[in-house]
Structures are given as structure tokens and as C-alpha cells.
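These are the structures, in C-alpha cells.
Two complexes are shown next, each including chain A; its partner changes from chain B in the first to chain C in the second.
Right after this comes the complex of A and B.
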């Protein structure tokens, strides 16, 4: 009794040290949760202001009449596109002719067609200047708090010395209604005249495209009244609903920054780019990764196994920036050179013009994803209980049948989760896509079919890495990049969660 | 049911064909990787090694990057670095038609130093937090909702893309804490990024220590902490460190997290040339992976730039691969030896 009571203070002290140590380790264990929470908080903190700024941005777009001008501009652009198509048709035609002399009629026709848009272009450029001036006034008046990145640039239109009344400016801009109706009338007459006497083409291919072109042009002319109507009904004071700030981000098809006209922050081109690159990478990596996992765990001899496994693990340590550099220096060139080979002529979209494209980036990412898929799939295959295999052999199945009917189905959820984790790695990878995907912010032209996979794209990870260093802190552009980061974060978390769920289920089914 | 002989022969043929397909697929992957190693090894080796003694291009490894000046002088093609060109100018007064190529002369010494500093700092941080966390998880915790939450967080943290870590580091350390682009921001960003890998590896090693060692120690009257310090950690530490080497390869190899937290494209001072010792932590550094990104994307590809591009990639690849190789070999050895 006495010994214990003597030692009591010492023991109590020891106990408190013990619990202090425990608390210390416990607090370190908390770090993972804290970091995850902090990532979420900081992405939200810097990203969420985006919607407010984007809404102001969109409201200004309407109030300054930029939206109005864009309606007319679309018409002018369609006209220009039709003009360009005439050029393409001319190319087709001239290829079949030995000399260009007989194309005179066609040249006259296309010149007349492109001239018919003259007044429309003039109208667009006038309205353009008016709207920009009006926007300056509105920004100066502080009616819109949107700080567009374009504002920082010296604007081309001189700042009005005398304050202009925005309402008067808008009325001036709206005179374009009448002008457009008149111009459209004139254009319709000219184009109808032209279409009444089309030039005769000799090449069947050119004739076919010309027929298509004529149909498109008729459609174009036919919708003038509708456009005119839309212009008249357009109202600068119509409120922009708040949800537009979100939909313009999630479903926006343009990512245009630091433009003199209007900045757009739509994630779709980046998302499509990321998904296309990931699709190519997985298409290559899944068969290779699963093949090699089956080979190493079931077919390979012991010596072979002990060489291949560390080597593939070794591949996973190749830094992504080195792979990206290798893509620029070697793979891109090689892919383009291959597409220019004569024996590849049968592929419709070959030869390709860009050496850095979805395929280049995807094939390099595949090499990064193979080790991930291989390691996890091999684990899953090895973890199938021995009894399954033995039972299968005992029933007289050969090795292939055992693999296909027993081992792979038993480890399927493990393999699928391996593929998902590979996908997570590929979607989140930055350096390879930044260096090799071509970095053109546009949705690829899917009318080319599979050729779309040989066009340059930009990705979510790439755009953050590329533009983050240059933006002004707190600007709408800066916040938009954080929003992209948030989408990326949510996407990878979702993929991870799915993979974990699958693994958990798979463990139970085997146990 | 015994299959007919012809049937059996066909299935055997199919088996053989498919196994060959698997074999070819596996070796194709290995071949691709080998090709990359060879290409960078051969072309980079030309920069890093020399034919004459000391057989290593000392200048490339010990000088900062400089701008290269290329010009014709009296029918001779001159390629001079920034410093050499200025010296040459003092003795030659005539005007020459000069083409300048950024980053293509000199070497990569500051990048090597910067990468080493980043790795040392972030690994110290990650090992400290990671091992503590693993000790808690394997020695103190009982299974419960809290522990499950921690495990879920660790698993999810492992899947966060490195660029998101970069954004997070930029938002928290660079801007919110006001550390700017600095070593300290880079250490924390990289350290937190590699944390999940360290925790998982450490916990595995700790759990591999047999329960009997702990029970024996506790039975002799040692406290929990004494047991851990004397009877668990010493046996687990070699395993923890070996597995952590792979973390070093990852920290050294990542570019995205340091792009806006720690890396400068060009810096003239070396990291130790600071006015006050505290400034050491608040300075940005050059780093090998970022340098590769800069020289492969910001300058055009030609005969002059290829030298520095491949040279840097070679040095970087060799460093990272040596680290990875050490880790893999040590682990293989340990797996064989450590079966209690």
C-alpha cells in the first residue's frame, strides 16, 4: 500500500505524458482529414466568387448590347464560311482540270457572292465599335462591377471625353435593326440572282459539294426574316437569370479569355479534351495492362516474373515531365511521319497536320497508366483463392479456360477498380497533356469521325497549369481556374470512391 | 464429359495463340519503356559525358543556365555562352550577326540544387507527419468511426491530382499565408502530396512487427510509448525508410505542384546567397522538372536547344530512376528476409 501511494504522483505524471504522446500522434493522424478539408475549402473559397463575377460579366454582355451585335455577327460569319466553302469547291474542281482558265465563271460567281456580304460586314464593324464604346461607359459608370480581363488592356476605342448617355447610345445601336432588315433584303436579292445562274462544274465531286453548298446557302437566305425578328425583339434590359452564371460555366462551349470583345468561361472544351485524351489512354492501357497482369501471374515462368514485375514498377517512376518531353521530341514527329507514309493512305483523315494531338498525349499517358493497372490487376488475380484454380483444373479445364472462366470473373471487380484508378491517374495528369496535347482550346471537329482524335485539344489540368501563372489574383479568370480545379477534384474523388466501393465488395465476395 | 481429340487440339492451339498475344503485349510495354530510356540515354549522354578525361561534362553539371549566342566570325561558327560572349566582345570590336537561344548554354547546377532542397525539406516533413500518423493508426487506435474516416481521407488524398495540390498550395501557402513563391510553400505542398504514400508504407511496416515483441515489452512493465520506441520502431524503421524512397522519386519527379508554389524559370543567385538566413525559406528555386518543362515548351526545338533539353532530361531521369531502383531492390531484398 505504502509503496503505491508513494509512487502515485510519479505514476500520474507518467500517465499524463503517455496521454500527451497519444494525443500528439492522434493529431498527426488528423492531418489527412484536415488537408482534405483544406483543399476543399480553399478551392471553394477562391472558386465560388466566380459565379457572381460571371453573372456580372454576362449582364454587362447584354446591357452593353454585345449580345445584340453577336446575333448580327453570326450572320456575317456564316456568310464568310459559305464563301470559304466556295474556295474549297474551286480546289476540287481545279484538281480535275489541267489549266485554271475555264474556272473564270466560277471565280466571278464566288467573287460576287463574297461581295454580297460587304454591307453586312460594315454593319457588324460599326455596331461592334458602338457596343464597345457603350461598354466602356457602363463600366466607367460603375453600373457593372465586373472586372473583365479585357479592361486591363488599352482599349482601341478612345475613351469618350464627354460622358455619353448610355440610353442614347443604346438607341443609336438599335438602329441596326432597320439597317439589317434592309441589308438582308439586298443580300437576298443578290444571292437569289446568283443562284439562278450557277456556274457549270465538270468534276462530279465538285458538283456534289456545290449542290450541298447551294442548299446551305438557300437555308441561310431563308432565315434572314427570323434573325431580323430576333433583333427587333431583343431587349437590353431583360434580366439575366442568376442560374445562367452556372450553366454558362458547366455547358459553355467557349473558353475565351483576355479578348477585346467578351470573355467566356465554358468548361466543355476542356472537359471534352480531358475525356478524349483519357479515352485514348485507357483504350491502349487497359488491354496492355490486363494482358501483362494475366501473363505475369498465370503464364510467365518464375524467372521471367521476377524480372517483369520490378521493371513495370520501374516504369511507373518515370517522371511525367520526361514523358512529355519525349512526346514533343520523338512521339509527335513519329505519329505525323507515320500518317504521311504512302501505305497509310487508306485512312481517311491521314495525313494529319498537327504533331501534338489527342493521340500523342493519350499514347504517352497509356504508358503511365499501364503500371497502375498492371500492379492492381495482378494483385487481384493473385488474391483469388487457390482452391478456385485447383477446382477448375480438377474438373479438366486447361489453363486458358481456368483464366477465362474462373480467375478473371473472380477478380473482375478488382480489375475494374484497377482500371478506374488508372483513369483517375490519367485524368489528373498534367505535364504530359500540357506538353503533348497541342493546347488548342476548341472542341474537336467530330464530323471527321475518328480524325477528331488526331486534333489538338486543351485539357482541364493543362489550362490550370498554363494560365494560373499569368492571371491577376482575384480576377474572374483566376476564379474560373479554381472552378476548373474544383471540377477536377470532384471528378477524381468520384472515380476514387467508385473504385473503393468495388474493392470493398470484391473482398467480401471472396472472403 | 471428355472433349473429342480434335476439339482438344483446337483449344490447345487457341491457348497457345492467346498466351503468345499476352506475351507480346507484355513485352511491347517493356520495349516502349526501354526505347524511351535508350533514346534519352543516348542523346542525353552526348551532353553529359565527354570523350576525353574526366569523361563527364563538368561544366554542364556545375554552371547555371545561360543564353547561347551563335554567329559566324571570319568563316568560323562561334557558339558562346552569355559570359564568354561578353568577354569576346571586349577583344573584338566588330559587329556580328548574332542569334541568341535562351537557356541553351551553361549547365543545370541551380536546378540540381533546387530539386535536392525541395526533396530534403518535403521528405523530412512528410516522414515526420506520416510516421506519427502511422504509429497512431497501428499502435493506438481501435477500429471505430473516427479511424475509418481517417482511412477514407488518406485513400482519397492519394487520388487527388497533383495539379489540384498545386492549386491548393497556391491558394493556402502562397497567397493566404503570404509566403509567396518559396521553398517553404513547395515543401508543404509536396510534403502533403506524398503523405498518403508514406502513411500507407509506414503502417504496413509497423504491422509487420510481430505482436509478441509488444506484448513482451508491456509485460515487463514498459509503458506504451517505451514499447513503441524501443521495441517497435527500431524493427519497423528500415522498412519504413525503404518504402519511403519511392516517395522521394515521386516528390522529385512532380512538376505540377511546384509550378506556382516554388519554382522559378530562371534565377541568378544560388539558394545560399541570401541577405538574411530567414530569407532562405522564402526564396523560390529552380528545379530540374520545371526546367525540363521550360526548355521543352518555351524555346523552339533545334540543334542548339536539343543539347540542353536532352541533357537535363537525362540527368533528371538518371537521378529519379536511381532512387526508384534503390527502393525496388531494397524492398525485394527485405521481402525475402523479413518473414517473421
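Right after this comes the complex of A and C.
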């Protein structure tokens, strides 16, 4: 009773103090939550605007006939690629050839092949101009506002020509239907003639590649009628379904911006780049992190422990830009130099030409992920009840058996969540990949096998950091970068969620 | 390397060499574990002083004494579990198991531990299935034949009086068992590798009286086959299950002898005081 019988003012004072404390801490939490919510809303609002603009972008691509021209262009490009391959075959052949002897027959053959595409290239170039002119007309007519300012500018300056009737322009463009069929016919004749009298090659390797090439060329010629058919059936007024705006982003294999032709915002090359870099980083960081955690928690003497642990944790104090710098100056250089050493010749994809590539970026990111993985894995291992370890030793297990059969399984979910958090760190890291990944926006050539990991890529984080500063606010490019950010956000959120669920499970199993 | 597993079970004649004083106290016969003049220290902290005792085979030997008196440390010396503790070492004396110095450099500690099983104070089944818990010791010993393992699992579970309770759920997690069942599982796990000696470090301290009674009953059965050394805080338990009792105080073995003698007619004053509850 004595507690309650205090005087009223004191009680009131206490209540106000308490509510002040409550307000102070509460408001801090509130600010954090509000800011986070605002960021998320902002991200989503600007991100989702992308799809509308992308749809308009894709519709214009069709209505202006760019899509049509690209069908023809693909043919010309395939032809050019085949020509290039002939060059490669020539290289193989000349390497084995004794000096002095000539490759005249082969050179003639490849020159003839190259020439056979002459008319096709001319057609592409004409159609290209026509389609661009048509697009300008359409843009001027206000049909599409969704062209990034970067490309809207040149179109304004290059437009003193009199306005053309879009319909007439389209009819003019479509004459390419007939032209293509005719040109294809001619090419088929020429190439067939060439294939009928192929040059003789001496080197077995070159011969093999040449056989492959011939098969490809035959296939190429054989598909001309199909292409003609496609061209004829192509319809500029066919509507572009709305879902294309999303699929073109999620599954698009090109990221082309500020182009005079068509902008593409496909996330695949960036996603592939990010995933490859992360894969390399994890592949290196997981064994390093987990094994050093095992060493520190199970094998090391106390003195070593007190040295190794802070040392590894110290790595995370290195600023990422410094690591990136180190990557360019040391790691990239060293890996390339190593790949050029004669004794490394047995590796099929060596020597590598790019200093900055997936591997360089991945190995530095691994360095950043090691402290995260190490610290959390070490915690998990240390939290395995001592009884498990003792029971195992008491049954006559040696140290390796105890580690492999008892300690690691018992702490597995903790170790997995450590790896996942390391992955989250790696996926979200920007500076190192921007500096070291080479920043070429292209899906690496996986036909090279593991060599793909020594090619430059661009990443989701890198592209945002690189391009966000230059884009016009509100343009499709700007919003596309926001969408990339959203994908990244979703990815890291998913990874963290998974990690937390595992941690929760792991706590239960230990308790 | 001397393989302890293939050693003759005990070599009484050879071992009783310096045993004249102890021999009558342990009824003359064979000796399984022979602890001689043992000093033990954790770093600079000496915890065992000049302990000498002989543990006979196929009997239960109990170590009693107040907390911190070194009885658990001695127990853990017998299968060299103290090797795992940094800075812990025997500073003087030796322990012989069946005539072989267990700390000799040519002794393989893995063999030793296979021959000297241990059950801990807190039941510590692995977070695996019941079956895997029992088979663990066999698998790490390189036994992979399913039929052989199946047989050993059943045999050791029967040996630990657990078979009837768990035979239908061998693949379920061991952590789902009750505390007493878990402890008997740990005993079964220790038995599966067919040791000669089973060390028990306060195996019932975390159990209720019914579970305790079951374990004690089990110990009585096990001593037909195994040499059992048990550390206990519970003097009634020592009196009920053991044949020989050693009383430890402040790192010294005060008295060692047949349990009936220690409990009814101790020769040392401190033993009597402890047993009658005057301190401890």
C-alpha cells in the first residue's frame, strides 16, 4: 500500500519521464521504418514505370519496321560470322604449313564467300536507313514518347528532310521482301558453287573445322526460304502484347542503351555476370572461410587462435575500393601473366587476353566474403555442444572423423547460413566488380567452357553505379536501372530471408 | 604400435608385481586398471596428488568425494580424454591398462578409447537417429557391413535395456527420447564398440529416481561383462551399485577398498565424516 500512497506530483513526474523515454526511442525506430518504407516505395514506383515505357519502346520497334530490318540483319551477321570463321581456319592451316607454300586456293575461296554477301549487306544498309527515317516520322507524330533523350537528340538534328507519309515509307521498306528473296537465291547459287569445289586443306585440325564450317554454311543456306517466309508474314501493325515488356526485361539477352538503332533492356547479361562473379567468389571463399573456421575452432592452439581470428576479421576493414585497386594492379595482372607462361599451356582456355574478368573480380570478392563466412561459421562450430565432440572422441574417433561426422553436420545449418550471408554480401558488392569485372555487357561465351570465367562481364551493381549518374531522370534507361536495382533487392532479400530461417532452425537444434 | 585391442584382457600375474599392499584390499585377484603414483595438473593447477589404486575387472568401482576433488579428472585420465584439454597433463606416475602404459608414445589413443568407453554426466546423443548414434562408433572404426551393424545395434540396445522401447523407431531422432532413455542410448553407444571398460561420469545426476533405478539395474547387469568405473555424487548410489569404492578429497585418494568396508567400517576419519554427511 505504501507504494501507491505516494503523492500525486511525483507520480505524474515519473509518468512524463517514462513517456519521454518511450517517445525518444520510439521516434528513432519510427524514423528508421519510415525511411525504409519511403525508399522501398520510391524504388518500386520508379522501377515499375519502366514496364510502360519499355512496352512503348517495343511497339515503336515493330511499327517503325526495325524488327523487320533486324530479321534481315541477322542473316547478314550470320554470313559475316561464317566469313570470320574462315579466317580462323586459315590461321590453323597456316600454322602447320611449311613456309613458302601458299594458301591461294583457300584465300580465293574465302574472298568469294565473303563477296557473296555483298548484296545482302547493301540491302540491310538501305533498309536500315529507311526504318530509321520511318521511326523519326513516327516519333515526330508523337506516337512514342518513350525514347530515351540520348537518342531523341540526334534524330532531331538529322531531320531536315520533308515529312514522309508513314504508310508509304512502310510500303517502301517492305519491298525488301522481294529483294531479299532474290538476293538469297543468288547467294544460294554462289555458295553452292563454292561448296561444290572446296579448297584442299593439309592440316587435320583445319580440315575438321572446315568440315564443321561447311555443315554450318549448308544449314545457313537451307534456312533462307524460311526467312523469306518470315519476312513476308511480318506485320507492322500486329500488336505487341503487354507481357512482352516484362519478359523482354527478365529474359532479354541484350543491354543496349543510347543506341542509334534500338535500345534493349534485358537483364540476363547483367544477371549472368553477377551470378558468375558470385559463383567464383563463393567457390573460393567457402572452403577458405569454412576450413579456417574449422581450424580455429578445432585444431588451432590458443596462441594461434588469438592471432588468426582477428587477422581474418581484419580483412573486412579493408575498403572495397582499395581491394578493387589491388585487384586491377596485382591479381588481374598476375593471373594474365601466369596464363601466358609456357608451362600453363595445357589449360585449354589459356592464355587469357583480358586482365579484368570474372575470375579477377570473383577472387577479390572472395576475400571480402571470407571474414563474413569465417566469423559466422566459427560461431556455429563453437556453439556445437562440447558433449558431441567428447562423445565422438570417447568412441575412438580421430579428429578428422569428429570434424567431418559430428561437428560439421551439427553446425551445418549455421554454416549454410554463413555461406548465404556471404553470398548476400558478394551479390550486393559494387566497387570491386565495377573496377575488376571488365564491364563488358555481354553474356560470356560458354562454348569455351571454363574459359567463360576469364571473360569480362558487367554486373547488376556495377551497371547501376556506372550509368545512374548519367541518365536523364524519368527516362526509360533511368527506370530500367531502377528495375535492375529491384531485382538485386529481391535477390538479396531472398538470400537473407533464407539465411535467417536457417539460423532460426539451427538455434532450435542446438538448444 | 601396440594395439590395445588385441592385447590379452588382463595379465594378472605380471601385473600384480608391486601389488602386495593393495592385493588384499581388492580381494587378491586380477587387476584391470592400475593407477600408480599419479599426479595430474591443469597448467599450474595440480588437481591429483599421488593417486594409487587398482581397479579389478568385471566389477563396479565407484569414485566418491566432494565436488572438485579430482574424481572426474582421474576418470578422464583412464581413456585420455584429458588430452583434449589444453595444458592438462600427467606430471608423475602412470596408468596401466591390462599391463600396458596407456600414455606410452606407442599407444594409439584411438585404440585406447575404443577399448575404454565413456558415458558422460549430461546425456549427449548426437543429433542423429537412434540407429546412427549406435552405429557411429562402428562406422568410424571402418565397419560398413550393414548386417554386422544391424546386429551390433540390436545387441547393444538390448545390452542397455533400451531395445524394447525403441526397436520400432530406430530411424527417429535420438533427441526425441526422454532423458533416461537418452542416457541409456549413450550407454548403448559406448557398448556398441565392445569395450572392456566403461567409464561413467555421474551418469544419473540429471535423471529422475525411476530412470536412475533403471540405469543402476543396468550397471549391475553390465558388470558381468565389463569393468565399470563410475563417478558419483550420490553415496547411496555408490553403496548400491559398486563393489569397490574410492574416496577422494582435495585431489588425494583418502581410502580405497571394498564398498561394504568403506561404508560400514572406514579406516579413515575423513571417509567416515563424508559418508555420514558431516561435510561434503
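Just so it is clear, the second predicted complex is superposed on the first by the 480 of 511 C-alpha atoms of A that agree within 3 Å, B and C clash if a C-alpha of one lies under 4 Å from a C-alpha of the other, contacts with A are read in each partner's own complex, and residues count from 1 in each chain.
Everything that follows uses one rule, which is that contacts are C-beta pairs under 8 Å (C-beta built on N, C-alpha and C of every residue); 3 or more make two chains touch, one makes a residue touch a chain.
Every value quoted in this text rests on a predicted model; they were computed, and no experiment measured them.
Enquirer: Using the superposition described at the top, determine whether chain B or chain C touches more residues of chain A.
Expert: Looking at chain B versus chain C, the one contacting more residues of chain A is B.
Enquirer: Is A:465 touching the first partner chain B, the second partner chain C, both, or neither of them?
Expert: First partner only.
Enquirer: Contacts for A:36 in the overlay, against chain B (first) and chain C (second): which applies, first, second, both or neither?
Expert: first
Enquirer: Between chain B (first) and chain C (second), which does A:329 come into contact with in this model arrangement: first, second, both, or neither?
Expert: first
Enquirer: Counting only touches as set out at the top, which of chain B and chain C does A:321 meet: first, second, both, neither?
Expert: It touches chain B, and chain C stays clear.
Enquirer: So, does A:405 touch the first partner chain B, the second partner chain C, both, or neither?
Expert: second
Enquirer: Which holds for A:392: it touches chain B only (first), chain C only (second), both, or neither?
Expert: A:392: touches chain C, not chain B.
Enquirer: Could you give the residue numbers on chain A that contact chain B in one complex and chain C in the other?
Expert: Residues 396, 398, 401 of chain A touch both chain B and chain C.
Enquirer: So in the complex, the part of chain A that touches chain B is made up of which residues?
Expert: 14, 17-18, 21-22, 24-26, 28-33, 35-36, 38-39, 42-43, 45-46, 287-288, 291-292, 294-296, 299-300, 308, 310-315, 317-326, 328-330, 367, 370, 396, 398-401, 421, 424, 427-431, 434-435, 461, 464-465, 468-469, 473, 481-482, 485, 488-489, 492-493, 495-497, 500
Enquirer: Would you pull the chain B residues touching chain A in the complex into a rising list?
Expert: Within the complex, chain B touches chain A at residues 2, 11-12, 14-15, 18-19, 21-23, 25-26, 28-30, 32-33, 36, 39-40, 129, 132-133, 135-137, 139-141, 149-150, 152-157, 159-168, 170-172, 175-176, 192, 195-196, 199, 223-225, 246, 249-250, 252-256, 259-260, 289, 292-293, 296-297, 301, 306, 309-310, 313, 316-317, 320-321, 323-325, 328-329, 332.
Enquirer: If we count contacts the way the header does, which residues on chain A are in touch with chain C in the complex?
Expert: Per the touch definition, chain A meets chain C at residues 301-302, 385, 387-398, 401, 405-406, 409-410, 509.
Enquirer: Help me check something: in the complex, which residues belonging to chain C touch chain A?
Expert: 79, 81, 84, 86, 110-111, 113-114, 117-118, 120, 122, 124-128, 136-137, 139-141, 186, 189-190, 193
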